[in-house]
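Below are two complexes that have chain A in common, paired first with chain B and then with chain C.
Then we have the complex of A and B:
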């Protein structure tokens, strides 16, 4: 066992002692499930706090090497930390701290129906595995933990396994994640074989000497593997199924944090393991990012399931991160290290921000689900009166994800825009065109994201409740509100004080690529590339606050010496004002469905049943307006049909006849003998 | 087609001739209304019209106020789409059972200070509809009315005089 810095190793050990304690405590059989719920998740909470300390120490420059030689063959289980790993540990911990606290309140509902011991155990294993994935330093360690992470999240996902749609979602997730795992496995083994080592730290130097063909093949395989986890289009099909089906604290972790490990892998592939690649690597990532951004938000815009909206929006945000990453790769390949560093800083900043606001939004959706037992926006409404704090937190999350200042989403999208716009410094016209596509896609994405979250917040929280459960909803417990408050605070702080993050991120990116990001920043302002782009998040926040205060003060002055009379909201004089008069989620999305009909291919159907006596009296009207999913229909269904057809052909071999099997064995033996001789 | 153009070309102006001095009078009344409105509401007059069950005769005359001849907007007077924005309610017709409640709600939704002008004979005493099973009563049975404009229907000029009378009444 090799140990370098004691502080880092101590924090590392404390972190995993906590998770182990949580996992063990969860499994102790007790008559009440409260122990597993409170102690199991409480240990995870402490572990995540230790992890954030570990991550911050790592960002500050701490390093460690931790090898358990006998745990795995060939090199043992090797862990280490550099700034990039430490940054992702911070991202994971930022999601895990509120999620663990939230789980204490949220899983109370599962008591008696599902095994809380299993949930708390899997939760600890899941978070610990995610942190260890970011710290793994050789192939076997990485793959083993990657698989443990996938399995733990799978078992958390199928918590409500009595429902068919949950099992289906679990199945799709299981298949997709293992398809990705297979791609990773092949890619890793090819790279290990070509470089002659399985240690990540030695790949960077060795990979540069490989021939172009094998590097391209390895890049494609690893990008497919990590892209599946990240949820880029067209590998995203598991996200919209898995995130709604999972318990909300797990959705928050899977969507806010786990998919970021796909980003982590891609960053490692592109800037560490394989070194600078040809232009088309970056161009592919950038185009995939643009497509994921636009299509992700378009699907989010029309879905009526609150959690599925958030899941599609994760696809969108991964797209934005990929825009930054792809731009960084293109700049790196065009020999512009300053801009490459700037673009990567933008992408990583957005990854951190997305972890904050997407976790917040999933927890808000979870609180709504907890209070009303429905995720269908058509049955919600009016919750701002019944759950005012949840509504405020959800609003802050919505504003952040819609990239409105002074919240954090604005800043990282601004930075991404700057790095994309600076592409004019590359002189290749094809590359410029690809960047222009990226800029247009990002602009469209941000605009549609605003519409999407106006809808998500407005339909869910405003106006009158559309169903009885929504009308009877009550505010959730403090264990669920406190984590949301924490994340809302993070959204504000990350938005108005980006220098807190930019300094360590700049150092991270410098370690990785050896270029200083082409930007200057202090506590108030950030300047990109000389005087090209300038923004002062703190002053924007102060200005907005002053503006709001001026309005409040102005109203107070105007209102002084005036008589006040309160009366009902003007409803055009209607005697009855019910939720049936309200705008629905479907109606809000309909203009977009029409404009982008090419994508949605909506199937409309109107069934009217008339009274037999007269057509002027209608008995029932049924209106269907379903969209179809292009990738599922055009890509996955044919693929599945092909696999099934091949499997049917292969079935001929498996006749059930023992004699024939004996012939197979003999034939194989003879063939092997001939081959060896 | 040619016959249509022929018809158009041959047809002279068929509207009634103006009464001499009418034009100047409209301007005087409207200016007075505007002066009063600015004193009382601090801005130009915003009007919300409520049809409480009218035959639409009065609406045609009210509509004429926006025609190029009267063109109320030039004096800042403006028909608005919500009682929330209004200073003045013009109510027409006998108040029917279906409209009694919406009329009351409209009155309540109009911010004070406000004036109510009942337009036409029906609004005053239900006119020919008096005693009908669907009729609740005149406007004054539902709301405090500041001025009544008689006529079936009243002329636009008389409507303006009615608004002026309502404004001149001390609040």
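Then we have the complex of A and C:
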């Protein structure tokens, strides 16, 4: 074991000592589950705080090498850190700190019903594995941890395994994540074979000498593998099932953080391991990003399940990140390193922002679920009066995810727009057109995101409660509010002080691709590409606050009438308004359903049971307006049928006869020996 | 520096006090075109004053969002007035954002107004909110692609930079792409401001309303703020159209003469736009709601053409 005691290694060891302690403490058998809940998650909290210190030190330029030689064959378990890894450690820790704190309060409800020991154990393993994935430095280390991460999240996901839909979601996740794993495995092995090394740090130099065909094949395989984890369309099918089914603090981690490791992998593939690729790599990523953005938010817009809305919106945000990443690849291939760096900075900034606001929103949805026991928006409403603090936090998250100034989502989308608009410096018409469509897709995405989160916040929190549980809801415990407050603060700070992040991010991207991002920034203002575009989010925030106060003061000065009277909502003269008069989530989404009917393919059904005596009296009336999921129907069903058919054919091999199996083994061995010798 | 701040204050005052006049002029022009005499062009001032002096009646169901929104709406417009080059390209606070930041500032207002529409729990408000955000979302690609078209020719997305560039090289504007981008942006301006053929600002039938349905529950000074903010939004959009696409007259230096002629030029350009809007509103009927996306898709195509022509003619 090679250990030089430096600050980085110390922080690394402290981090994982905490997670190990948490995992072990969770498993100690005690009569009460409080130990697992509080100490298990508490250790994870401390570990995540140590991890953020580790990440910040790494971004400041700290490096380390940590190898456990005999833990894994060929090269052992190797860990190291560069700025990109450190940045993703910060992203993971930013999600894990509030999630661990939130879990202490949120999992109280599971006591007695589910094993809190297993939950806290898996939670520690999950967070630790995610951090180690970002630090892994060779193929076997990476794949082993990738699999541990997938399994730990799978076990967390199926916590409520008495429910059929949870088991189904878990199964789909399990299958998709392993399909992605298979693609990664083949891609990695091909790359390792072609370069003659399994060490990540040596791939960059060796891969440039590969022939175009195998590089393309490796790129496609790795992009499929990482894309499955990131949840890009059409590989997203597990995401809208899995994220709502998991306990909310786990949803926050999976949606806010885990899918970012797919982004991490893609950044590594495109800028580190394979080097500069042909134009079509970047074009593919950009187009996939545009499609994921628009379709992700369109699906989010019509769903009535609050957590599924957030899950689909993760697909959308991954799409926005992919727009930045694809643009960076296209700029790099067009020999514009400054703009490539700018686009990658935009994409990575959005990844960080998404971790903040998506975790916040999932925790808000978790608080609603905790207080009302429903995720169905049609049964919610009026929660702003019953859970005022949760409502403010959810509102801040909604504003941030809708990319409205001065919150953080605005800044990263603004930067993405700048880099996409700067594409006119490329002089290939096809590429120009792809970028133009990228601009349009991002604009449509952000417009639809505004609609989506007006609906999510407005229907859930405003007006009158639509059900008894919503009317009786109470504010949640402080352990659940404090993490939301922390993340809401992060959404504001990351929005108004982008220079805090831009400086280390610029250095990260410079290390990775050797170009300085084409921008200038100081504490308040950011300028892209000379005088091309600028924004000063801090001043926008100050201006908003100043004018709000000025207007309030101005109304006093002009002596506006200050009298207030409360009265019923106008209902065309009908007295006694009830929640049944309110606009519903379904109705709110209806204009979109009609405009984008080609995508949703809505199936409308009206079941009316008439009174036997007369058709003028209705006994029951039921209205269904379900959309169909075109990817599930058109892509996955035929694929599954094909696999089933193949499996039936392959059944011939499986006779149950042990002798025959021994023959198979022998034949395979001989064949492999002949191949290798 | 002091004079620059004075000019910012002047721009702010022009937007604040000019916007009711613009609304009054449009109404008057519309009335005359329809053969009515119409109210005086100063009527909107009287309306706002009246509303400020009236008691506020608020629905019992509403939360702080409903009370906060009018203030925020007016705030976003006032802040935008500092960013938009109304008279001069040398405003002190133009560094706050470029045209994209400006568009997102407008969206911030839309977001809160749509929430306020839902807050009272009335079906009309919810319907208005749903339609408003749908139209805003569908207009957004046109906005950004039109901006792309302008940025391509001007080489910048800063509002001041675009005007300076076009004023220096007017020939840049003499091509099909510029006109197409203008046309696309004009349609978006109509849609975003709730004008015909997208929405009828003077409708009294709840089922056809969009903007008016959303603000149905407002009264008193809250309504005054909402109406005033809507006027400012129209004023700012038309100023953008005037100054970005026809930059003649905008002051490039801060001399009193240049500023005065800029004010005159702005007045003339806005008058032309006011008459144009009155003409459109007199001659076309409101589109069915589900026809509007076709209009917006059309304007998007026009904007995309503006970008494509820019790629091929350079």
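In the analysis below, the second predicted complex is superposed on the first by the 631 of 677 C-alpha atoms of A that agree within 3 Å, B and C clash if a C-alpha of one lies under 4 Å from a C-alpha of the other, contacts with A are read in each partner's own complex, and residues count from 1 in each chain.
In this section, a contact is a pair of C-beta atoms (placed from the backbone, for glycine too) under 8 Å apart; a residue touches a chain by one contact, two chains touch by 3 or more.
Fair warning: this is a prediction, and the values are worked out from it, not measured in the lab.
Student: Could you tell me if A:565 is touching chain B, chain C, both of them or neither one (first, second, both, neither)?
Tutor: Once the two structures are laid over each other on A, A:565 reaches both partners.
Student: For A:595, select first, second, both or neither according to whether it touches chain B, chain C, the two together, or no partner.
Tutor: A:595 contacts chain C only, not chain B.
Student: One more residue to check, A:69. First (chain B), second (chain C), both or neither?
Tutor: In the superposition, A:69 contacts neither chain B nor chain C.
Student: Would you sort A:61 into first (chain B), second (chain C), both or neither based on which partner it touches?
Tutor: A:61 contacts neither chain B nor chain C.
Student: Which of the two partners, first being chain B and second being chain C, lies in contact with A:451: first, second, both, or neither?
Tutor: Second partner only, chain C.
Student: For A:514, using the defined touch cut-off, is the partner it touches chain B, chain C, both, or neither? Pick first, second, both or neither.
Tutor: Neither partner.
Student: Decide which partner touches more residues of chain A, taking chain B and chain C as the two options.
Tutor: Looking at chain A, the partner in contact with more of its residues is C.
Student: Looking at chain A, which of its residues have contacts with both chain B and chain C?
Tutor: 563, 565, 567-568, 570-572
Student: For the complex, give me every residue of chain C touching chain A.
Tutor: 52-61, 63-65, 71-72, 74-76, 78-79, 82, 93, 95-98, 100-101, 104-105, 107-108, 110-111, 114-115, 118-127, 129-131, 133-134, 136-141, 143-145, 147-148, 151-152, 155-158, 161, 206, 216-217, 220-221, 224-225, 289-290, 293, 300, 304, 307-308, 310-312
Student: Can you name the residues of chain A that touch chain B in the complex?
Tutor: For chain A paired with chain B, touching residues are 563, 565, 567-568, 570-575.
Student: Residues of chain A touching chain C in their complex?
Tutor: Against chain C, the touching part of chain A is residues 381-382, 384-385, 399, 402-405, 410, 414, 417-418, 421, 424, 429, 432-433, 436, 439-444, 446-448, 450-451, 453-455, 457-459, 461-464, 525, 531-536, 539-540, 543-544, 547-548, 550-552, 555, 558, 560-561, 563-572, 577, 579, 581-583, 587-592, 594-595.
Student: Would you pull the chain B residues touching chain A in the complex into a rising list?
Tutor: Residues of chain B touching chain A: 82-84, 101-103, 105-106, 108-109, 112.
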